[in-house]
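Given below, in the form of structure tokens, are the structures.
Look for chain A in each of the two complexes below; its partner is chain B in the first and chain C in the second.
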Partner chain A sequence: MAKQVTLTIDGKQVTVPEGTLVADAAKMAGIDIPVFCHHPKLEPVGMCRMCLVEIGRPVRDRATGQFVMENGAPKIQFMPKLETACTNKVEEGMVVLTRSQKAVEGQKGTIEFLLTSHPLDCPICDKGGECPLQNLTVAYGPGKSRFLYDEKMHLDKQVPLGELIWLDRERCIQCARCIRFQNEIAGDPVIGFDERGRATQIVSFSDPGFDSVFSGNTTDICPVGALTTSDFRFGARPWELQAHASICTQCPVGCNTTLNTRREAKSGGRIVVKRVMPRQNEDVNEIWICDKGRFAYHYTEGKQRLTRPMIRKDGKLTRASWDAATKLAAENFQKAKKNFVILASGRLSNEDLFNLKSLAEHADGKAYIYSHMGGGELTSLVGVGEGTNFGSMGAGTTIVVVASDLYEEAPVWYLRIKQAAARGANLIVMNARETKLDRYASFTVRYAYGDEVKAVSDLAKKGKIGDTFLKSENAVILYGSDGLGVSGSAALASACAKLLHDNGFTGRPNNGLIGVWGRANDQGAWEMGFEVEEDLAKAFKGKTVYIAGADPVADDPKLAKALEGAEFVAVQDVMTTATTEIADVVLPAQAFTEREGTLTSGERRVQRFYPAVPVTGEAKADFAITSQIARHMGIVLEGTSVSAVFDILAASVKSFEGLTYARLAEVRPQWPIVGRSDLYYGGTTYENTQGMGAQLSAAAGRGEKVSIPKVEKEALVRPKEKELLAVPVTKLYDRGTTILPSELLHERIGEAKVILHPETAKSLGVEEDQKVSVSFNGVNGEAAVKLTDTISVGVALIPRSMGLAIREPVAVKVK
Partner chain B sequence: MSLAEKYPKEVKQILAKYPPEHKRSAVMPLLYLAQREEGYITKAAMQDIARMLDISETDVASIVGFYTLYHDKKEGKYRMQVCTDLPCALRGADEFLDNLCANLGIKVGETTPDGVITLEAVMCLAACDKAPVFQTQGPDGIKYHENMTVDKTMELIEALRKSSA
Partner chain C sequence: MGVFDPLLELLRGLGTTFKMALDKPVTYQYPEEKRPVRPRFRGRHVLKRYENGLEKCIGCSLCAAACPADAIFVEASENTDEKRFSPGERYASTYEINMLRCIYCGFCEDACPTEAIVLGDNYELSFYDRRSAIYTKEMLLEPVPSVEMTTPRKVEPGVFTRSVPEMKDPQD
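And now, the complex of A and B:
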């Protein structure tokens, strides 16, 4: 533990760790020192002078170094001038006065100065109601200004920094929180100050503007209404909003969020989600979320939502009752016997997946997870468990990232791992191409596509890299699917698991294997025992298929064809998709915003989400639909209470043992304290009052015998001589069903692309931005050429879910 | 053409002054180099410098924006930068600038129709005791003009006009 220091703030004795800043020490003792530029997550800069206080220090005898005593107490000497509480560290015996006459005058003066050029347009400002400038002006301001209103500086009021974030230059108080966040935390220094003095203003010169997937966070920590999102600006007043705890469903990080809702005339009197805000969980996302999590929720509310069950009659989907629809599904499932196949995606909650898996077991069917990645069963064996937290990783821990571009696939993990590296963790980034995380790596390993397994198997033998890895106290490996299909990633998972297992890096906190999955709850599906099938087309042919939360028809023409040849297809989803269009029965499911449930993050943390808006039409929760079908088949599955399903799940799935629904809702005190109307301002992120979740145990942690399957090296595909190899990669913004409905992201999503090295392009005779035809393995399509010299020659990167159905590495023709 | 292609020797010289891990420090001299020919720094040049030093374009642009000696727009051949900070204001800088504007028929920040003079108000030029003071920035470098009057300034402008014609 760090050395403790005791000081007195406003007469209150406070003991805090050495190195704490006075402003933070005061907050820990429940005293709000007003701040603007200071943020506990950022380095101190002392730019705004809001936190002026009187600081006295005990006088020391020069000869002995002892405190000089006066009337039995150490003699305190105050500085003649006020000092900033946000840049001074605590010292033993320090005396701080935050509300003395002198301090109050200083604070008053600062507010008066800050307001000399502020437009004071609170009535039409998005921040009004949750604005520190407003709050501090009322609490500390002089009430009147001696400056001339007409001499205010006028600057542009509606400046798009990109298409996602807008800037009001007049409102900016130049605290540089946004710039520092982008530099220090996001690692994307794409906004900065232009000009100087009163004309100082925020600019972005990147292309696209404000080119960072973390941009929305700046609107949370901006202490005025200068930065707003195009999603929310002029959308509602903060005091009209209700807050509902939720979990982001866009990637395996599982960021804690708050859904702000309101009932509004604009939406026909309905209650709708107005914005997604981060909710503090220092073990998961701290107080941040990425822009995908913030802006991609619109699919839950669009016109394309399914509202009623439907049955195909005379070739057409027609409205049906729940009873008729579930009965029809049940009859067919029962008839199918061994030919019954369930395909479920990680978009579903643990409870949904559990019921689906139970149904498959009872009905003798198969339960597949819809994933482009394999190897998940290994994360149940040697995955990370209880007590694992990127926030506690530092010196002594090795973090290996292999075959994954975390910035694009799991942004908040990128952010957390970057910070762990800054704290001294040994970061090894292994990829076939350059990724943003390389910049923070202690070692980068570059291999050719197809050599993933070899690279991992050789890691421990690799001189200095191997040494540091083997000598670490703890090690985690995050493996992904950059350039890999199901079997390739499964082979990679085995290689990683073996490396961890052989060297004792399992079964303890901050040790083990993590999968960088495509969806939020893939981990849950793996825990439940779902399997992945490489050749889904074959698995569908002639079978009775029950699809939940997946759209294989849109994703892959081959799967569309296979489903045409299926015996019977039941599709359960929140919205109309290409797959519901071909279904024999359509079962409308509730969106995660409309119900409760739990999700298992990639770090194997189970977290609860809560209902925020009323149910759309007649939609039901997935687990309830499955239960209703099961009942018609004479199988009893819990169908009314989520917590009851969770209890049954916890009793039947080993890794969930000991968890209860209530335990997931427990919270612990967290630092920094982010009360939302604080005068010491942490941002508009929400405090966590509804649960920080709990982690699963892994087989290795339970002391069970673990055996790692043989590494299937043959599963990996290498480019052959003179052949162009297409490899699938993941981009944050793609055309997936849960992203595309958010129109504001369309510019970032862009068009179908094929990414080439300039030399490859040259030899193919194609140029940047040229539309080319791409064909591989029976798939033909168009794509725009993008060039980058950060990849190797001889491969073509094809982003997944962008219109070209690529599942695994495959030879390609580009013309 | 990139800066390194255009002035290979000078770029190399500048970069050699800083240790590779602090190469971003070369941003200021490189900006001067980029400004020399056109009198301002183009967006392409900023991109070029950003790439060369491995920093973001926004970082380069902020530096251009912060210093009054860098320009990101094409303006008059000479920039006349009058200090109007507090000490100079006490010695009549505001009045001086107003009169100058009236004489030239332009506002602060504007350029004379013949494209010779751009008039600007700037912060302290570190010659507070010799106000009214301004500096001219042009192809022949930076020059200080101290204890100025409007008449003396107009004479100077005439001379600059002649030499530019």
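And now, the complex of A and C:
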């Protein structure tokens, strides 16, 4: 523990760790010092002068270094001028006066100055009602200004910094919180100050504007309404919004969010989600979320939502009752016997997956997870468990990231690992190409596509890198699917698990394997015992298929063909997809915004989400639909209450043992303090009052004997002449069904791409942005060429879910 | 008490009756005749316009926030110079007052930063059903001074950039 320092603030004795800033020390003691530019997550700059206080320090005798005593107490000497509480660190015996007349006058003066050019915009300002400047002006301002209204500086009021974030230059108080967030925390220095004096203004110097996946966070920490999102702009006043705790369903990080809802005339009087805000969980996402989580929630409200069950009659889908639809499905499932296949996506909650898996077990069918990645059995075996938190990793911990572009696949992990590296953790980034995380790595390892397993197996033998890895106290490995298919990633997982297991990096907090999955609850599906099938087309042929939350028909023409040849197809989803179009029975499911449940994050943290808006049409929760089908088959599955399913699940799945639904809702005090009256301090991130979740135990942590099965790696693809090696990669914004309905993101999603090295392009005779035809494995398509020299020559990267159905490395012809 | 005393009382009473019969009556022959209201009377609301026809309301919802009866519902949208309703960036795309809830306290008037919502002279508020007690923006808006001043309308770009006008303190 750091050395403790005791000081007096406003007559109150406060003991805090050495190195704490006075402003933070006061906050810890419940004393508010007004701040604008200071943010507990950012380096202090002392730009706004709002935190002026009187600071006195005990006088020391020069000769002895002892305090000079006066009337039995140390003599305190105050500085002649006010000082900033946000840049001064606490010292033993310090005396701070935050409300002395001098300090109050200083604070009044600062507000008066800040407002000299501030517009009278509160009535139309999106921040009005949750604005630190409003609040602090009322609490600490002079009430009147001596400046002339007519002399206000006028600047541009509607400046799009990119298509997601708008800037009002008049409202900006030049605190640089946004710039510092981008530089220090996000590591995307794409905005900055231009001009000087009163004309100082924020500009974006990237193309496209404000090119960062964390841009939305600046609107939370901006202490005024200068930065607003185009998604919410003028959507409602903050006090009109209801807040509902939720979990982001877009990636395996599992960021805690708050859904702000309101009844809206524009939406025909329905209650709708108006914005997604981060909810503090210092163990998961701190106070941040990425832009995908913030803006890609629109699919839940789209016109394509399924509202009632349908049955195919004479080749056409017609409306049916729940009873008829589930009965038909049940009859067919029962008839199928061993030929019954369930395909579920990691978009579903733990309870849904548990019921599906139970149904498969009772009915003697197979339960597959719809994933492009394998190796999940290993993350249950030697995965990270209770007490693991990137926030507590620093010196002594090694973090290995292999075959994953975290910035694109799990942005908030990227951000937290970057922070851990800054605290001294050893970061080893292994990939066949350069990724953004390389900049913060202690070591980078480059391998050729196909050599992932070898690279990992050799890691411990690799001189300095190996030494660092072996000598560290803790180690986690995050493995992904950059350039890998199902069997490739499964082989990689096995190599990683072996490396961890052999060197004792399992079964303890901050040790173990993490999968960078494609979907939010893939880890949950693995815990439930789902398997991944490499050749789904074969698995579907002639079978009776029950698909929940997945759209294989749109993703892959081969799967579409296979499903045509299936005996019977039941599809359960929130919206109309290409797969529901070919189904024999369509079962409408509730979106995550309409129901409650739990999700398991990649760090194996189980977290609860809560209903925010009313149910669409006749839709039911997935676990309830499965239970209703099961009942027709004579199988009893809990289908009325989520917490009851969770209890059964906790009793039957080992890693969930000991968890209760209520325990997931527990919270503990967190730092920094955010939200409500403290929003001036930590930003408009919501305070966590509805649960921080709980982590699962791993087999290794439970003391079970663990043996890592060896997985054969797939045969290397050898491109012939005039062919390239094409590998799948994941992009943050793709054409997935949960992202595409958010029109705001279309510009960032773009079109189908094939990414080449400039030299490869030259030898093929193609140029940047040129449309080329791409053919592999029976797939033919068009894509635009993008060039980058961060990849190797002779390789083509093809982003997943962008129109070209690539599942594993293949040889490709580009023309 | 004398024998004639009751009679006297009766005549005195009749005297008042006759006197009043000759007096000018105070009754208004409503609805043919309407009683004028006082300057500070608080009747049905009106949404005001500027002289140039633009709506004063900027959709800020402060009236709705101030309303103790939760009678007002406001929803805002963004203005453009192509389709301008009010000065500045924001206008009320939906504005409704439920007259059955309203207690005519005038708090909305006080809260409004642009003097857009004003409690007017109209007190004739009776309805056959609850739904028709909800006044929409169209019903509350003052008529435009002339046809070419209707909203929304196309305006010269960059002129109407300020939502909140400079105002004097109210005089009455």
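Observations on the model:
Going forward, the second predicted complex is superposed on the first by the 800 of 815 C-alpha atoms of A that agree within 3 Å, B and C clash if a C-alpha of one lies under 4 Å from a C-alpha of the other, contacts with A are read in each partner's own complex, and residues count from 1 in each chain.
By our rule, a contact is a pair of C-beta atoms (placed from the backbone, for glycine too) under 8 Å apart; a residue touches a chain by one contact, two chains touch by 3 or more.
Only a predicted model underlies this, so the values are computations on that prediction, with no experimental measurement involved.
In the superposed pair of complexes, A:264 makes contact with chain C only, with no contact to chain B. Of the two partner chains, chain C is the only one that A:120 touches; chain B does not reach it.
Look at A:574: by the touch rule set out above, it reaches neither chain B nor chain C.
Once chain A of one complex is fitted onto chain A of the other, the partner contacts of A:536 are absent, as it touches neither chain B nor chain C. Contacts of A:149 after superposition: chain C is touched, whereas chain B is not reached. In the superposition on chain A, A:455 makes contact with neither chain B nor chain C.
By the touch criterion stated above, A:190 is placed in contact with chain B alone, chain C being left untouched.
Put chain B and chain C next to each other and count what each touches on chain A; the higher total goes to C. Within chain A, not a single residue is touched by chain B in the first complex and by chain C in the second. Chain A makes touch with chain C in their complex at residues 119-124, 128, 149, 157-158, 233-237, 239-240, 264-266. Listed in rising order, the residues of chain A touching chain B in the complex are 188-197, 203-206. Taken together, the chain B residues at the contact with chain A in this complex read 43, 46, 55-62, 65-66, 68, 123. Interface of chain C with chain A (complex): residues 58-62, 64-65, 73, 75-78, 88-90, 93-94, 113-114, 161-164, 166.
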